[in-house]
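Note that the chains take the letters A, B, C and D in the order they are written out, and that residue 1 is the start of every chain.
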Amino acid sequence: MLDIQNTKGDYKYKINKVGISNVLYPVTLKTKRGMSVPTIGNFSMSVSLEQDLKGANMSRLPILLSEFGENTLELSDIKKDLKTLIHAMVKKMESKDGYLEMEFEFFLKKKAPVSDFQGIMPYKCKVFGSLHLEPSTEYDFILSVEVPVTTLCPCSKAISEYSAHNQRGYVQVSLRYSDLMYIEDIIEVVESSASCDIYPILKRIDEKYVTEKAYENPRFVEDMVRLVAERLQEDNRVSWFSISSRHQESIHAHDAFAVIEITK
Amino acid sequence: MLDIQNTKGDYKYKINKVGISNVLYPVTLKTKRGMSVPTIGNFSMSVSLEQDLKGANMSRLPILLSEFGENTLELSDIKKDLKTLIHAMVKKMESKDGYLEMEFEFFLKKKAPVSDFQGIMPYKCKVFGSLHLEPSTEYDFILSVEVPVTTLCPCSKAISEYSAHNQRGYVQVSLRYSDLMYIEDIIEVVESSASCDIYPILKRIDEKYVTEKAYENPRFVEDMVRLVAERLQEDNRVSWFSISSRHQESIHAHDAFAVIEITK
Amino acid sequence: MLDIQNTKGDYKYKINKVGISNVLYPVTLKTKRGMSVPTIGNFSMSVSLEQDLKGANMSRLPILLSEFGENTLELSDIKKDLKTLIHAMVKKMESKDGYLEMEFEFFLKKKAPVSDFQGIMPYKCKVFGSLHLEPSTEYDFILSVEVPVTTLCPCSKAISEYSAHNQRGYVQVSLRYSDLMYIEDIIEVVESSASCDIYPILKRIDEKYVTEKAYENPRFVEDMVRLVAERLQEDNRVSWFSISSRHQESIHAHDAFAVIEITK
Amino acid sequence: MLDIQNTKGDYKYKINKVGISNVLYPVTLKTKRGMSVPTIGNFSMSVSLEQDLKGANMSRLPILLSEFGENTLELSDIKKDLKTLIHAMVKKMESKDGYLEMEFEFFLKKKAPVSDFQGIMPYKCKVFGSLHLEPSTEYDFILSVEVPVTTLCPCSKAISEYSAHNQRGYVQVSLRYSDLMYIEDIIEVVESSASCDIYPILKRIDEKYVTEKAYENPRFVEDMVRLVAERLQEDNRVSWFSISSRHQESIHAHDAFAVIEITK
C-alpha cells in the first residue's frame, strides 16, 4: 500500500506546525487539595515537518492520546505531565518540535461568603506547551485561567447620588512559571483583586454582602489588571504574565477591556 | 447528464424540509423613518419534498437570492416582501411548502439621554416565515428582536444598605402580527420597560443619569417579561408573543431567565 | 431581612418559566455496557410562577444540584433520574411545572474498521425534560443525539467520470420513547444509515476502507433522514421523532439540510 | 462633576491596552473593481495608558466612529484609511499607542465554472492595526483573509480503488505588505492553490467539473500551506506572512491543520 505521506520530495518549505485540532478527550486533573476532578479537554496537537517530507503521519496523534489514557488522560502536575506527552509525541512523529494546546473547564467547590452554602464553580482554562529538541531541549509552557468576577465602576459611583453600574467581568491571566503553580493560586489572586467574587450559590444574606462589598471596592478595567499585575509581580515563580480584563458593561452593548503584559 | 434528484421512487416518507442553511447574503432594510440600512442576512431556505421524489434541486435556492437582489436583497416591509420571496421559492422548487429563516443585525441611531451624543446601536433580529399552498394558502410569520438593556435587582436593592447588583440583560421578543409592525416599535416597548436603556455613547453626565435611573427602576427577570407582556397585550396588531429575558447576573457565572408566551 | 421575591401582588400574568441557564456542572453517565463515563452538563432549570407571586427563589436551583450530586450528578437511566430531579425541583420551588435542559458530550470507545485501533469519539447530546403536577402528573422527555458521519453525494457520483464530493455531516435525532433507550442505540441507527461512519483513529488500511465504503453508499441529505426515519419507525419504544441532517458540503460555503418529523 | 478617570496617582504600571471591544458598526469597503460593498465590522479599539493616569476616557472611542462615519465607516484603502483612524484615536485619547482590530465579511460575486451562474461568496476577514507615536511614528498592519476551499486527500486517492475523501477546508492567510494589496488578490492565490474553488451556485454541469477537478488536484493540509507560501514568497509587496489551513475532514470528527509562517 502506497505511503504518500512518507515520500520525499524537493519541497520549498519546512512546515512550522502540522497536526489535528478540535479533538475532544476526557481528562482528569488534580486540585491543590489533591482531589481528582474530571473534565473535557479540547486538544490541538502538532509537530514541525522537515522540508523534504510530503506529509505527517496524522493517525499517530490520536493513538498517542489513547496510549497515555485509555479512558481519561490523567494530569497531576499539568506542566510536567504535558511535557512528557509532547516529548512522546515528537518522538512518535519523528519530528523535532511539538506543540500542544488544551482548553478545559476547571471545577472548584466554593462556599457562599456568609451562609456557607457550597456549590461548584467552573473556570475556563487553556494551556500552551511547546517543545523543541534542537539545538538543545527547550520547553515553553503557558497556563491561562479565566476568572469571572463582579466589577463596579468607580466613575459611576463617584458621580451618582446612589448606586453604581456593575457587571460580570472576565479576567484572563496567562503566565509562564518555574515551580509548581496551581490554578487555584491564580483564581485566588484574581478574586481577591476584584470588586467582589462571583459565587455558584448565594442566599439573601450573601447577596447583601456581595452587593455592599462590590460598592465598597469599585474597579475600572484598568484597576483590575494593575492589581492583579502587582500580585503576580511579587510571585517569584512567575517569569512572564499577560492579564486582560473584559467587563460586559451593564450600560453598553459593547465590552470594556484592558491588558497588561510583563516580562520580568 | 443524469438527473438523480428528479428520479422517482418508492420512498416511504415525504420530507418536511430540505434546503440550504448558513447562507450569508447582503440585505438592505427600511427603518421606520424610511432610511435604507444595510446589513447581512444569515439565511436558511427550505421546501417540503413529495414522497415519490428522490431529491430537491438545491441550486435553485441560491439562484433565487441572486434573482431577487443581484447586489443586495432589499426588504422594505419585511413580512410582505419575504412572503413574495417564499412564494417564488415554492414555485421554483415545484413544492407546496416553503420555509425561510433570516438572522441579522438591525442598526439604529440612538442619542445619549442627557448629552445628546448620537451613535449607532445594533439589535440582533431573526424572522421565521412559512408558506403552505395547500389545501389553501397559509402564511405564518414570526419576527424576533433581541434588545440589550440594563437590569437592576430589586432584592439586592431592598436588602443592601447601598447599591444593588445590576447587569446587561437581553430581552428577546418574538411575535406574530397582522398589520405593519416596525422593529423600532418592539425596541421601544422593551427599552421603556427595563431598569434603563443601553446606549452606544455615554458621557459622564449621561452615566450619572443611567446609574440613578436604573436604581430607581429595579427589575427582576420576572418583572421584565411581565411588563413587556402588558404592552404587547394592548397592541392590537399582535396576535401571539413569546418574551424571554436573560440577565448576565453580575454576582453569578450563570444567567437568570424568564419566559412568558401568550396566544391572544 | 426583606423577602421581595415572596411578596404577593396583583400581577397580570403567570410566568411560564423562570430559572437559571448556562450552569456548568460535572455529570456522570452510564454507558450501555454499564461503564461510568464523566462529562460536563450545561443546564437550564426553570419552573412556572403563579400570577400573584413577585419572584422565584432562584438560589434553590443550584442548591438542588449540590444536593443531588455533591461532586458530580450521577445519572444511570437519564430519563428516569431526571424526572426525580425535576420533581424535587418543582417541590423545592413550590411550583407546579418544572423544566430542565442539559447539553453534554457523550464519549464512546470506537474501533477502526480494519486495523482495530481503538479511540474515543465524542457525541453531542441534549435532553429536554418537563414535568407538570396539575391537573395530573405528566412527564415529557426528549433525548437528542448528534452523530457526525461521512456523506457522499449521489448526484456528483452519477455525473462525474471519477470520484464524488463528500463531507462531514451531522445527523441530529430527537425522540420521545417509552422504555429504556440508550444513546448507543441511536448512534448505531445513524452510523449504519450513513455513507460511512466517522472514526477517532484511522490507519491507511482503514482509510482505504472508509473511502471505498462511502463511494459505494452515496447519500443525499434526503436519503439520510429517510433511512434513519425507517429505522426509528420500526422501533416500538419510539413514539415521536425528529431527524435533521446537515452536511458541510465540500463544494459550497453553505450547508445542505433536511428534516423529517413524525408522530406515530 | 468628578472626573475619576483623569485623576493622577502613584500607580505601579503603564497599561498596554485599554479600550472597548465587541463594537458592531456598519462599514463600506471598496472592491478591486471599484464597487462599494457594505458589511458589518466587529471592532476592538484601544490605546496605551500612562503609568500616572487612573483611567482612559472610553466614551471618546465610539464618538470617534460616529465622527468618521455617521451612517457607515467608508474604507477604500483599508490599510491607509485605518491608519488615519488610529492616528485620530491616539490623539483624541491623548495617548501614544493605538490598536484597532476589525472582523468583517467581505462579499464578492463569483461565477460558476461552466454554467456561468453568478452568486455572492462571503469571505471572513480580520485586520490588526497598531500605531506608535514615540520614539518615532511606527505603523504595523496585518490583513487576514479566510478562504473556504475544497480539499481532496492524496493518500486516500492513492490507496483506494476509487474516489477519495474530500471536505471543506479553510485557508487563513495573514500578511504584512507595503503597497496596495486587495483582498481579491489573496483569495485568488488561495483558490488557485486548492483542490478546487468553492462556489455560491453550482448547476449539475458545474458539479461534474468541480468533482473531477478536485480529484485531479489532491491536496494535504501540508500541500495547501506550501503552495500558498510559494505564491506569497514571489509577491514583492508581502514582507511577512502566516498561512494556516484547517480541513474539516469528512472521515474524522476532528480537523487537520498546518501552519507556515515566514518573515522575508
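Odds and ends about this structure:
We adopt the following convention: a contact is a pair of C-beta atoms (placed from the backbone, for glycine too) under 8 Å apart; a residue touches a chain by one contact, two chains touch by 3 or more.
If you're wondering where the values come from, they're calculated on a predicted model, not measured in any experiment.
Annotation of subunit A and subunit B: jointly contacted by C, D, touch as defined at the top. With centres defined by CA atoms alone, the chain at the far end from subunit C is D. With each centre defined as the average position of its C-alpha atoms, the distance from subunit B to subunit C rounds to 25 Å. In this assembly, the C-alpha centroid of subunit A lies 28 Å from the C-alpha centroid of subunit C. Averaging Cα coordinates per chain places subunit C and subunit D 35 Å apart.
In subunit B, the residues touching two or more other chains are 1, 24, 62, 122, 155, 159, 200, 202, 204, 208, 252-254. For subunit C in complex with subunit A, the touching residues are 1, 3, 24-26, 37-40, 59, 62-63, 65-66, 71-72, 105, 107, 117-120, 122, 200-205, 208.
Those residues of subunit C whose C-beta lies close enough to touch subunit B in the complex are 1-2, 4-5, 11-13, 15-24, 44, 46, 49, 54-56, 58, 62, 154-155, 158-159, 220-222, 225-226, 229-230, 233, 246, 252-262. Contact residues on subunit D toward subunit C in their complex (touch as defined above): 121-122, 148, 150-153, 155-156, 159-168, 196, 198-200, 202, 204, 207-208, 210-212, 214-215, 248-254.
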